[in-house]
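Okay, handing you the structure first.
Note that the chains take the letters A, B, C, D and E in the order they are written out, and that residue 1 is the start of every chain.
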């Protein structure tokens, strides 16, 4: 079976969630890989949410908010942009391709854009392959156990002063 | 204490059930932690559907409700009320969107069902952590502030005043009237602008429910819907309005001019006197002159060398020592009618405005046509002679990515109006250079039709440039317009005596400041953003603040007046309610955690987060807070939380999404 | 009756042990109230002595250092079994500490760097430490170095945390006093520190913030009265628990975050990133990137002590 | 102020008089130019027509070579200015082009990281040297000399930023700061048709005629240019314009650096002015000699 | 085809707009509102088969052959007047270059042949010396494309020569080899 990316979307209520609804009303089809979480404003989206999503199993995270200048709460989207830029900058240190997170401005009228963004992002993540932080962590730590060597016998610190 | 979550799945006829395997989702939901009851129904939003939920709540079968159906933007309120009727706090309910963002948008049925399961699981986890919230109510002050005294503000103020409500109308110019007071005729009916506007201006000046503050600016807006605190600066007019009777003796002898001299007949294209003490136009309301401090000799010389107006005034109304006055008052609602400004065509160098005589802006041309203007309404070239040919260039500063993307909506029509006036007053040939004729209002197309019959020359093409370089003899001494006649596919050079630039409309210079004061957003196009482009055209994201007229988008007089009346009725509806519920899902500061770093203080667009100097912590004014949560994400210590969108609730949702093994 | 106490160092620098000694004359108070039955850095006890004890015999064990190898883990389990109260002492046990930054690398890279590539090493064969070796039939064994540094609570159940790198000595004494007074907060609490962030105890004046540039400490003469963050220094005070007595701040050095985040903040570094990004001045993508690029090694700066405790815990390989 | 200097092919051939005036005038203004070692053709417009990528690649070779100097690169030729800037812009905007250009450079053992700012000599003279400094070097009174600035296309378009594309002022100001009289005329940014001269001469000559006519109508003694191609068109082809359209233009077309040199009292020979197609004569000659 | 009274859809190429749109510099073409600012600003408009505005109209409608076969694209003198004025910020000059390349690629160069010859010779020259040798370029061009005009051209050449502005020997660069390697790599990437 081919790899189906898992994508978490964080959508602002006023523009992007509405835009995503519009895609539905217009019956525009897009790939079912995204699971969206509604927040009031893209300014509410904490980078920790994104880390959490990546940790729990997301292969990509989409953040969507109102276009610059159109924020329902005036400037929340600029804060989202700054947090996003900064998070993108540090992701490589975690060994994560910064392309796994994406910020898009989707207006309430842009149902088609939302669908395109999801499709495009899904493909991009598909190309990047699975991320698998949680399983990966177990896998990476599988050797981090107390070894039992050939000598078998009682281990420990008879002479060992730590 | 155990939590009992009820999950209600809606089929929405075949809308959801046709794609999502409801039984599979129901089985899945039954297996989720804390879920004690799962029901599905054909139409959950129908009366029997709602009754289903209500009954379960009344029978105390569940104490948290998850409804998986359409978008919360559609029916969240419906179900909140249902839940409330069932005796549960409405915030202990959450909604899962398995229609707009699920069944309607995906093709593969299995994968759509899987997605629905994940979304339900997320909602169930979220529901487990929901907290009850209480909505608060605040009283509404019945007085209203109207910012801007153009036709929009005048209409809104009069509507409210007539309904018996008090209004404070603040206008930054010395007189109300706005742009409309500068117009000669109005399209398409060609009725006299002054004739229809003046009576209304007078009504505003005389109405007992309207307090008019002209030559004044709003400096500060505090508070929140129903209870705004306003501070206004009334600029010094240097004329005592109690004593002045508007006789005009002062300006008739004033030796200095506030309008720069051009040295030709176009120099005095202004209504009213051009002296330093002046009335903007003769029908001004209030009919009290103002001294322009920048050009007045008395102020310029410091020594008080002039003082002629004071000597001329028999009533002693001239007060050079007058100072600005600050007034503070409270209102319940605000209507912003701050108007527009016209595009400055000097930016388009190739049209030669400011370099060539006889290239003028629409507004200058408008004033020239006004009977009370300095040419007495005659259309004249700079040298005083009558033009033989006039070109009208559309879309100057509109529909152009370099300046403004938007269509200014009124230029086509006023350009047609000018063509008509030119035909009526002179023998000149008139050329209209247009990209598209947009004549969409009532009677507009008919007016276009009429102009076609009046032999106006229509050239479809945006003017490439206006030059004074003659190529043929007939071009000598003329303004030469180069344009492609796109319908013919030919480039034409047309020599003209005069060119009128139909400049587009932009938000006024003061708009960003006003928007900031009132916590309203300015869009990319420079105009204020309404709450919803279709369904909330006059309200804004800030409760109690409304927008009307040219500051919301370019519009003609009929639309402006209609919008003004819409806003005043919206305000009346607010006032009649007497009280208003405010958002319950606000931010909240845990004062035990807040360490007063002040990082959050700049983040709130509504200034709802302020630092309490006494407690040394930041506090949220819940009446101002809109619940966007920007401060929450900006708080480093986790002291601020967003009610109903708490970190732990969103974390739970994320965990839920992956709990089913997507 | 005297309390039975133990102190152990896992993967740490010894600084925490020194901090325990640094309580000056209060050490007498400690000695009066407490029998130290195990403290490898200072006293001669053997692991077998501990193994011989009854389960829960220790009233309190202070475990400092992160869990970096199999021995650390083994002893962590042993001490947990033998103690009533297990305390993670210091930033390493609490959050992984500086050592946690190893999680931004792989074990192989680290070994290679230390044993082969380091400038002062000559190791032409590229010999690396072996876990197990038999020489003339005699087994020689080293504990296994783990690929991922862990916090103590990722390995065993921890009752309390005393944060800091190192913890303030007085705070350690206070924690011990709380144990013998039986005056303990709910399990899982951070003890010996405040409940707000450092800004609360920091005496510098704070204003509304809008960051236009970042500077390094060497590039600026700081105004001792003014918030360091407002002076362009990346101070982690806003995201770090108070209790250290503002030692760094008072020396004009920005807080590096060793006391860890407040309760309910799952990821200290990323939370600071969010807060910091919120108050940057620019609005355009390019200008934002330009400003961010002024922060040297942002992630390690934000996560100096807390990588192992962060949501992602380590670099993905 | 030191800059990397990219002369371009024309300046080292048909426009060698431009180079001479540059050598003579710039040191006095405190501008030092170090020629880019082993530069190649900028990849001018003709390349763009046929092989775009090739144009970018050879253009980028110059940029890559320039990086080791760590300075802005200056060119006196408007076409080179345009092409080098366009290469920069396209490499920045289109990742695909950037990648391919990078691969091509790599084949030649080069690498370009995109850090070279390309400026026109006029920009440097007007914006980096204080006006007072230029005025200070003036020895001759040229106030009677009416000079028409001819900007042409490629310094104000399409890489907007240097000045307004329709009504630029920087050369006007330069003329005033050397004490000459600036002629305001409408054709100062109109196309001279240089790129058509080889292919549709008649049309190109017509464009030249319009420019010359407007300058003459506004009583200009001479035209100054900033580009070898514009200069050649308006100068060398002037007699052809006259024979084709029956006009009698005798308007010298000189480089802006030559005007500065004249104001500084340098000789015609020193400035290469003897090699113009349309020689300096009549009233202009009198003004220069008389001053 | 345009002369015909009726144009059948089947004869049009409706992918043409997208093709141009996807080329570097083409991303604004879809925004054209046919205002004619470009044509009105074009110094060459009069001699073109179709003024620039019409080219955009033809691109949109799918008249591929008309566009690529027109002389318009060859008469563009790169003055960029249209490009800086276009209210929709279409990079018109860049689009013209793109069309020229497409026309050459598809062998549709007809009237604009002279420009194409000049361009090609220019490239040969640079490949040879690394720099342009104007004397040789002119000679080659005249021989190949415009022999009849050689007479006409001679006076200009003479004037340059007599003023010492037409060097006989080319300026050569030193490391022509490196440049050739770069050129070869581009050839390789473009499959030439």
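We take it that a contact is a pair of C-beta atoms (placed from the backbone, for glycine too) under 8 Å apart; a residue touches a chain by one contact, two chains touch by 3 or more.
Treat the numbers as computed from the prediction; the structure is a model and nothing was measured.
Under the contact definition, subunit A and subunit C share the contacting chains B. For subunit D, the chain with the farthest CA centroid is C. Of all chain pairs in this entry, the one linked by the most C-beta contacts is D-E. Chain centres here are Cα averages; for subunit A and subunit D they lie 53 Å apart. Spacing of subunit A relative to subunit B, judged by their CA centroids, is 36 angstrom. Annotation: 67 Å between the Cα-based centres of subunit C and subunit E. Among the residues of subunit A, those in touch with two or more other chains are 46, 48, 52, 68, 79, 83.
Each of residues 266, 271, 274, 278 in subunit C touches at least two other chains. In subunit D, no residue touches at least two other chains.
Shown are all chain pairs that touch, namely A-B, A-C, B-C, B-D, B-E, D-E.
By the touch criterion given at the top, residues 9-10, 12-17, 38-41, 43-54, 57-58, 61, 90, 93-94, 97, 100, 103-110, 153-154, 157-158, 160, 165, 189-191, 193-196, 198-201, 203-204, 207, 232, 236-237, 239-240, 275-277 of subunit D touch subunit E in their complex. Per the touch definition, subunit C reaches subunit B in the complex via residues 195-200, 206-210, 227, 229, 237-239, 242, 261-266, 271-272, 274-275, 278-279. Subunit A makes touch with subunit C in their complex at residues 46-48, 51-52, 54-55, 68, 78-79, 81-83, 85-87, 89-90, 93-96, 131, 133, 136-137, 140-141, 143-147, 149-151, 155-158, 160-162. Across the complex, subunit E meets subunit B through its residues 33-42, 45-46, 50-51, 53-54, 85, 87-89. Interface residues of subunit B, counted against subunit D in their complex, comprise 349-350, 355, 465, 467-469, 471.
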